[in-house]
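Each of the two complexes below includes chain A, the first together with chain B, the second together with chain C.
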Partner chain A sequence: MLISKMKINIGQIACVAAAIFALTACGESEPQTSGAPPDMRRLTSEQYRNVIHDVFGEHVEIASRFDPLVRTDGLFAVGASKAIITPSGFEKFYNIARSVARQAVDKDNRAVLIPCAPADALRANEACSRQFFTEVGRHLYRRPLTESEMETAVSAANEVADQLNDFYSGIEFGLTGLLVTPSFLFIIDETEPDSSSLSGLRLTGHAKASRLSFLLWNSAPDDMLLEAAETGALHTDNGIERQVERMVRSPFLARGVRAFFEDFLDLEKFENLEKDTTIYPAYTINTAESAKEQMLRTIVDHTVNQDAPYPEIFTTRKTFIDSHLGRVYRVPVARPDGGWEPYEFPEDDVRAGILTQMGFLSLFSHPGRSSATLRGKAVRELLLCQKVPDPPGDIDFSLFNDPNAPSRTARDRLTAHATVPSCAGCHKLTDPIGLGFEQFDGIGQFRVAEQGAIIDVAGDLDGNQFADAKSLAQAMHDSPSVPACLTNQLYSYAAGRAPERDEREFVRYLEDGFSDSGYSLKSLLRDIATSDAFYAVSEPKRVDDGVVRAASFNDKTKQELGS
Partner chain B sequence: MSFFLHSKKSRRQMLRSMMGGGVVSLTLPFLDCFLNTNGTALASGAPIPTRFGTWYWGMGQTPGRAVKDKVATGPGIEFLEETESLIPHKDKLNYFGKFNMPLDGRSNYTHFSGWVANRTGTAPEAGGNIPAPTLDLLIADEIGKGTRFRTLDVSSVGMARQNYSARNTFNRAAAEIDPVALFDRIYGPEFADPNKADFKPDPDVRMRKSVLSAFTEETKDYMKSLGAVDKQRMDQYFTSIREIENQLALQLTKPEPNLACVVPTRPGELGPDEVVRVREIDSVIETHKVMTKILAMAVACNQTNVFNMVFTDSFANVRRVGETYTHHLLTHEEAIDADRGYQPLTYSFNKASMDGMASFIDIIDSIPEGDGTLLDNCLIFASSETNYARLHTIDGVPVYLIGGAGGRMKQGMYVAGGGDPITRVGLTAMQIMGVPVQNWGTKSLETSKTISEIVV
Partner chain C sequence: MRARQDQMKIDFLPVLAVTVGFLTSAGMSVVAADAPENRTLGFVVQGWMPSVYETKFIDECPAGLNISNDEIWWRTLSKAERSEKTQDGLITTLDRWFLAKSRGPKGEDVCINPEVIKDDPPLLTVEGATSFGVNLDGNTDGSATPKTCTHENFISPVGVPGVDNQLYRLIGCIYGFRDQGVIEINANEMRRTSGLAMILIEVTDVDDAKNDDDVTVTFYRSIDQFPLDSSGQVIPHSSYRVDYKGGGPRYGDSLKGSIVDGVLQAGSGDVRLPYYGNYNYMHPVIRDMQIKLEISDDGTNSQGTVAGYYDLEQYLYLTGGLGPVISTGNFSCPAFFDAAKRMADGYPDPDTGECTHISSAFEINAFAAFVVHPDQSSNMETAER
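Then we have the complex of A and B:
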C-alpha cells in the first residue's frame, strides 16, 4: 500500500537551498495576481488510476473506460474544470468503484490493505471500520473525513456487515460509497477566510496540497504533504518550498511530467489511432503503444532525469526503442523480448527529436497516408500555441480535383491549396511546416520518393529556412514561441484554466525564469508550484439567481475562525 | 429494520427508499395476453410505450443519386440507386427534402454545425460548441424515466466521443463502442430476465441502493456546507445518481413476462492475435449489425425508451482496406467522374451508409411486439450533418423519420420543405413523442410549424 510507501524520510531530504528558486535569487519579484474563482475539477482517468493505485496498490485493476473530458483551451486539464458527470458516466464510476472495493477486501489483499482485523469477521466492528475509513478516506478525499462523513461510512459498513454477516462486505460497500462522492471524484478548491489576500479568501491547506500533488505527481497528496496541510505549513513560503523541493526530487515527478505531456501533446489521440496494415505492414497495435511510450520516455528522460533544456526535445538524438519500433526505424534492436533500451540516432541520421519519432508522425497522419497539413497544424497549435483557423465551409473542391493533374507528391497536391485565396490563409500556416516531414510516411517510415517523385522537404518556419526535418527541428529548438507556449500551457494545466487577464504579466515572469534557468522544466515547475499566483483565489462568481456558480467557501471553517 | 439504526444521523438520512419502500414500477410488458383486443394497448389500459431513437451517418448523400426531389408533400418516395436498399421499407418511413439550415451569419463549422443545428435547433457559436440539448434528451426527459437506462448510446465506428447526443458542450455522454461491453452492460448480472419463472431480489442490491442513498444525502449536506460549489454541475451529478438508484430499484422488482424479449447471444471476444480494423467499412457494417441486435433487444426488453446509434462519425473516418483515402477525404479530393457525373468511390461509401440504415430498420422491424413489430412502436430520427459533403452544404441535409411511432405518425411520405428551417422536423418529432413543446430553435432556426401532414 503506497500510503506508507510514499512516506519519505524527511532526513533524506537535503536542506532546501534557496538558490534553486532562481527567480527569487535573481531578485525579480512575482507580479501580483488576483487568481480565479475557486473551482472543482473532475479527476482525469489517469489521476483516478494513480490515486487508486497509490492507496490500494498497483495490482488493483481498473478495466472500464471513463467518460472522456472535453479538450478546452488546448488541454483536457482545463476541460476537467467544466466536466459534468453524465448518467452513463456515473454508471461507469459506480461500477469501477464496486470493482475497486471488491478487490480491496479480497481475501488475498485485505491483510495488507485493511489496517486492522476484526475479532469476528462475521460481524460488524466499528473500531476497525473507523480506522479503515480514517486512513483511506483521508487519502481518497485528500482531507480528513468530517465526523458526519465518517458516521455515514462506518454506519453503512456496520449495517451491511450485520445484514450479510461479513465484516469485509461492510467495508466493501462503504468504500464503494466513498468512491462515488464528489469529494473523491472532483478536486474541489475549498477556501477559508484570509484577510491578507485581495479576495479575503485563501485555499485551505488541504486544497493547496491537492493542487501541488496533482500538478507534480498527478495523484493525491501523500502523508507528508497532508501533514504539512494539517500543520499549516502550506500557508508559509518555507513550508511550500520544502514540500515542492521534496516532490520535485521524488521519482513520482516523472509521472506528473508524463501526464502533462500526454495532455499538452494530445496523446489521447492514440486511443483512436488506426492504420491500414496492408499499406503499412510494420504497424500493429503494439507498435502504436510503443510509439506513444517512446515519445514520453524521451521527454521524461530529457526533462526530468537529465534536466536538460526543454527546446532540445526537438533536437536530441537520444531516445529509447523496442523491437516494434526497430521495424519502423529499420535499426537493429538488442532486446527482441519487447523490452526498452536506450538508443542514440547517428549524427548523420535523418531523425532527431520527438517530431521525427513515429509517435508524432503517425498520430498526425491519415490511416493510409501522411498529412503535411495535420502535422503542420499540430506543430502550430500544440507546440507554438498558434490557432489555425477552422476551414471555411464553402470551399469548391473542384479546384483540387483535376484527375489529369500531375500530382504525385503531397507538395504537388497542396500547392493548389496555397494558390486559392480562401484556402491559402490556413494552408500557408500549416503546410510549409508539415511538408518538412514528408520524408516520413503515415507511420513515420523514412522514404525519399512518393509515387516515383523525389520528395522536396525544404521550407521555412516563420522565416527560418530549413532543408529537411532535422533542420526544421533545429528551427523549432530556436523558436522563442516554443518555450513561451510551454510556459503558458503548463500554467494553464496547473491552474485548470487559461491564465486570467491579470496573470499575463505573471506568465511572462515565468517565461523569464524559464529562460534564466536554461529552460529547465523542473525549474519552471518549481516556480509555478511556489508562486503565490498558483494558489490565489478570487471571490466566487455569482449568477443571476444569486447562486454562487463555481466555488467552495467552507462555512464550517469560517465559523471555527470566528469570522 | 432500518440501516444505520445506531446512527446519530437524522431519519431523513436513513435510507428512506429501502426495505420495501420506494418500489419503482416498470413500464409494462407486451405479452399478447396483456394486450387489448386490437393489440395497441395493454389490458390494463396502459398503451405500449413509443420509443425514440436516432441513427447517424456521416457525409450526407450524393446529389441526384439518393432521393428524387419533389416540389410538393405527398405519399410516395422515389428512391434512387443510392437508397435502393430502403425500398422494402418505403411505407415505414418519411423523407424530408429541401429543408434549409440557416446559421444567421455564424460559421459553418464543417461536419459539425450541421448536426448540432439539426439536433439542437441552434447554430453553434464555435467549433465544438453545443449550445442546447439535443432533441433525444428532451424526449428522454419525457419518456425515459422508469426504464433502466435513460438513453443507450452506441457507435459502430469505434469512437466513443462521437456521440451526437448532449445537453451541452461539457455534458455529452460517451458512446458504447465495444459490442461485448454493450452486451455486458445490458444483459450482465443486473439484467432481470422477464421470462424467467423465478425472481428473487438480490439482497445485495437493496443494500447497495441504501448505501448509495446514504452517501448521497451526506454529500448534499456537505455540499451545502461548502455553500458555493458549481450548482449546475452538482445538480447533474445528483441527477446521475438518481439514475443509478432507479436502476437498482428496478432490480428489486419482478419484471412482468415479455415474449418479445429474447436475450441475444453474447458477441465473441477477440482472440489474442485477432485484430479488428475498427474503421474499415466492412468491419463497421458488421459491428453495426451486431450492436443493433443487442440494442434493439434492449429496447424490446424495456431496458430503455431512448437510443442513439452512430453508424459512421461526422468526419466519416471510415475507409476500405488498402485505400489511402478515407470516406471524408474522398468527398473532398476524389474527382467527379465525367461519364457518371459523380464521385464514384464517395458514392460507394454513401450507399454503404444507406445499406446500413436499411439493415438497422430490418433488425428493429424483425422483433414482434403487440400485433406488429418493435418498429411500429418506435420513432427514429435518421440524419447526417451535410447534404453534399464535397461542398459542405447543409441546406437540404437529408432527414428520415422511421417507424410508426405507436400509430401517431403517417408513413411513406415525401415531405417537401420548400426552404423552411429543418427544425420543423425535430419539432414535429418531439411533439409526436409527447414533449410539450410549441416552438423550438433559435433565430432563423426557430419554428412553431408542425409538419401536420405526417401527424396522425
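Then we have the complex of A and C:
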C-alpha cells in the first residue's frame, strides 16, 4: 500500500463514489514490471562525501576531486551505472582513502571513532580491530562484512601494526583497504533467490536499504534502516512504508532532494562557469556559488519544507538571497556580511520562479552575453525532456557572429537562424522560449534594452502565448510535460537507468499519482520508494559462454567467478 | 502489487501565501536604490578629495610648490650629521620621515607640536583667482560677517563670483594635495580597502528620482565594507548596514534638499561625518554643509561636491598625523599650521576673534547602495536554513 497522506483523507470517502472519478479511481493497482538486471553504480562525489561525513563526522576533510561521471540520458545518476574506475581514478580514490583513514585514527578523533582502546597501543589487537571493522564496515559497505572481508581487513591491520609497532597505523591501513573496494565505491544490487518474483531473484534487504537511502538521503543507510534490512522488514510492504515515511519526514530528505535537482538541472556546470568580468563586474566566484545555492534552496524549501506543488517552482516569488545576489538583483539584504535570508519578490516584479533566477540565466548563457538558444534548449531538454538535436557540423557561424551586422538585439540576430533551413528546425524549438528571457543579461541582471533597442520578449511555448518571462514561467507551470518529465527523470535517477520498456505503464501510474497528489514531490518520492518496481530485478544479463556480465557481488557469485 | 488509496485531490481549501518579505516582517527597514518609483535613494561614498583647481603651468602658485618637511630638515644638517642620521645614506627620504618630523629643538614632533618651530619658510599658498567651490557666506567681497572672518573670494571656473574655499588656498600649492598627490589618494585607498569611515547618503521622501522639490538627505556611517569586483572596483547596488549605537545611529545628521533633472542639492546645515585616512580616525563636523550630487541616468553612480566650513582643529589634527605619506606630501608642518590659522575664515572664536573653521570644497563620487537600518531590538535574524 502507498503511504497515506497525513491530511484529511477525503479519498476514503471518495471511494464510495468511485464511478464519478474513473480516471483516478481508488485502488488503482501498480502495473507489474519485471525490473532490470541487477547493476552497480559508482558513488557520486557528493554521495562519497556524505557517507564519510555520516560515518566519521563533518570535520573529516575530503580535499581531492573525483573522476567525473558521464551524463547519460540526462542524468549523472544513470551515468554512474556505466562508470568505470581508471588507474588514475583509482589512485585518486586511494589517496582520498588514505587521507580519510589517517584523520579517522588521529589523536583528535580516535577516542570518538574507534569504539575500543587496545591494552597496548604499540601492538596489534585482533579483538579491537574486529570490533572497529564490524561497526565501520557495516556502514561503509551498507551491509555486514563477510567473514573473508573481515579476515582481510583484520589481518592487514595486524600485519601493519606489528611492523610499525602501532595499533592505530594498522587500523588506518585496514580502513584504507575498505575504502577502495568495489563494495564501498559502488552501490551494488546484491540479490538472493525469491521464488515469488518473476525472475526468481530479489534484492537483498541491504541492497534495498541502499537504494532507499541513496534516493531519499543521498547517503548510506543509517542504523535503523540497516536493522530493518537485517530483520527482513524491508521484504514486507509495511516495513518499507515505515522506513520511507521516517525518511521522508527527516531533515535529511532535503539532502536527497538537493542531490536530485543538482543532477536534474545539470547544476554541476557551475564548476566550470566563466563570465567576462569586464562586462559583468558583479559576477564573482562567490556570486556563482550563491546563484546555484539559491536555486537549490528555493526548490528544497518549496518542495520539501512547504510541500507545495512542484510546478510552482516556476512561478513562486519566494526565494532566498544573500549579499552577493542582492547586488545582481538590486535588492537590499539585511546581512551584507553574509548569510542567507528569505526574500519574496514583489508582486509586480519581473522575476518569479527559478527560471528568472541568476542561476538558470547565467548557467545557460555565454561568457559575455545572454543566449536565447542555450536557455531555450535547457528548458526543452532538462525540464520538458525533449531532445534538441545537435547542430550540423557544417554550419557557417560567421553569419551570426558578424560584429558589423545591423542587428542590435538577440531576436534580430537569431532571425538569421530561422531563415537558414538547416538551422530553422531546431531553433524553432529553442528560440521562441529562450527569447522570453532576453530581458535578463548574461548573468541574469534585468534590462529593458540591448544596444539601445527595446527588447521584445513575447513568444510561445508549444502554442501557449506569453508576453514576458513571468508569463512564460506560468506557461511552464501549466504545461503537462513539466510534471511528466520530472516523474520520468526522478524514476530514472532512483533506478540508475532509463525506464525499461515494460515500465512505461508504471511511469504513467506514477504521473497519475503525482497529479492526484497536487504535484507533491514528497508524495512522488513515497510512491517510487514504496513501489514494487523500484526494487524489482530481472535475471542478470548473460552471454553465450554463461559468464555473468552484469552480476551481483554476493558470495555465491564470487565463488562462481572463482574469486 | 501495490494499490493507491487516497489519490483524490483534497486541497479544495485555498492556500494563502501569508509570507511577507522578511525585511519588513522582521521589523527591519531597508531602503532600495535607484528605482524611480521607490521612496528612497541610497549611496555609498567611495571617493572624497579636496577640490583643487590646477592650471597646466601651475600659474596659481607663482612662487612654485612648497618644499617638504624633509627638505627643510635636510638643509639644516651638516654633511657629517647627514651621514650620522641616515646611517651613511642607508635610510632614504621615504624612510626618514619620522626623523624629519622630530626636528623640534628638543626633538619634538613638529607636526604634532608645530608651534615649537618659528622660522620655517612661510607656506606658499594659492595666489590664483579661480577655484572650485561654493559661496558659503552669501557675499562676494569676502568681508566679515557674524559667522565669518575677512578673506579673499575666488571666482568659479565658470565665472561665478564669491566662491569660499580657503582650504584650497591653503593646500593648493602643496604637491601632496594636488592631482596625483599621494595624500588624498592614499587616504581614499585606505578607506576603500579597510571599510573604515564609509559614508552612506540616504535620500528620503523621494516622489520622483529625477525631479522632486522636497527631499531629505541624511548621512550615516556604514559598518560594512565595500564589496569589490575582480578588478578591485566597488560593486554598486550592495547593501550596507548603518552604524547604530544605543538604539540610534551613531551619525545621522540631515539636510533638506531637492532633485532637479537628476541633480540632488541639499543644505546647508551642520553635519558630522566619520573620517578615516592616512592612519587618522576622527569625526569632523562640517558646518553650513551643502551637497550637490549628479546622479547617472541609470542611478548606479553619482558625483558631485560637498562644501562647508571644516573644523580647523580637526583638519590640523588630520594633517599633523599623516604618517609616512608626509615624506612625499611636501610641506612644512609648522608653516602649514601658521598659514592655516591665517586662512581660517569661518566661525570666529567669541573670545579671541580668530576664526575656528575653514571654508572648503570636496569632490565626491558615490555608488548606488541600499541603506540598511536594524530593528530597535538589535536582534537581526538571518533565517539560516
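Points to keep in mind about this one:
Rule of thumb we're sticking to: the second predicted complex is superposed on the first by the 515 of 563 C-alpha atoms of A that agree within 3 Å, B and C clash if a C-alpha of one lies under 4 Å from a C-alpha of the other, contacts with A are read in each partner's own complex, and residues count from 1 in each chain.
Operating definition for what follows: contacts are C-beta pairs under 8 Å (C-beta built on N, C-alpha and C of every residue); 3 or more make two chains touch, one makes a residue touch a chain.
Given the structure is predicted, the values throughout are model-derived calculations rather than measurements.
Put simply, more of the residues of chain A are touched by B, taking chain B and chain C as the two choices.
When the two structures are aligned on the shared chain, A:163 is found in touch with chain B, with no touch to chain C. Residue contacts after overlaying the shared chain place A:108 against neither chain B nor chain C. In the superposed model, A:531 lies in contact with chain C only, and not with chain B. Judged by the touch definition given at the top, the superposed model places A:347 against neither chain B nor chain C. Counting contacts by the rule stated earlier, residues 277-278, 284 of chain A appear in both its interface with chain B and its interface with chain C.
Partner chain A is touched in their complex by these residues of chain C: 1-11, 15, 17, 19-23, 26, 28, 30-35, 224, 227, 229-231, 233, 235-241, 370, 372, 380-385.
Looking at the complex, you find that chain A touches chain B at residues 38-40, 65, 67-68, 70, 79, 82-91, 94, 98, 146, 148-149, 151-152, 155-156, 158-160, 163-164, 173-174, 176-178, 180-183, 188, 190, 272, 274, 276-279, 284-285, 366-369, 390-398, 400-403, 413, 540, 547-556.
Partner chain C is touched in their complex by these residues of chain A: 1-2, 4-5, 7-12, 14, 21, 24, 26-30, 32, 237, 277-278, 281-282, 284, 297, 301, 305, 308, 318, 320, 323-324, 326-327, 330-337, 339-344, 346, 512-513, 516-518, 527, 530-532. Contact residues on chain B toward chain A in their complex (touch as defined above): 3-9, 13, 107-110, 113, 127-128, 149-151, 153, 158-161, 167, 169-174, 185, 203-204, 207-208, 210-212, 214-215, 217-219, 221-223, 225-234, 236-237, 239-241, 243-244, 247, 275, 277-280, 317, 319, 321-326, 329, 332-336, 390-392, 394.
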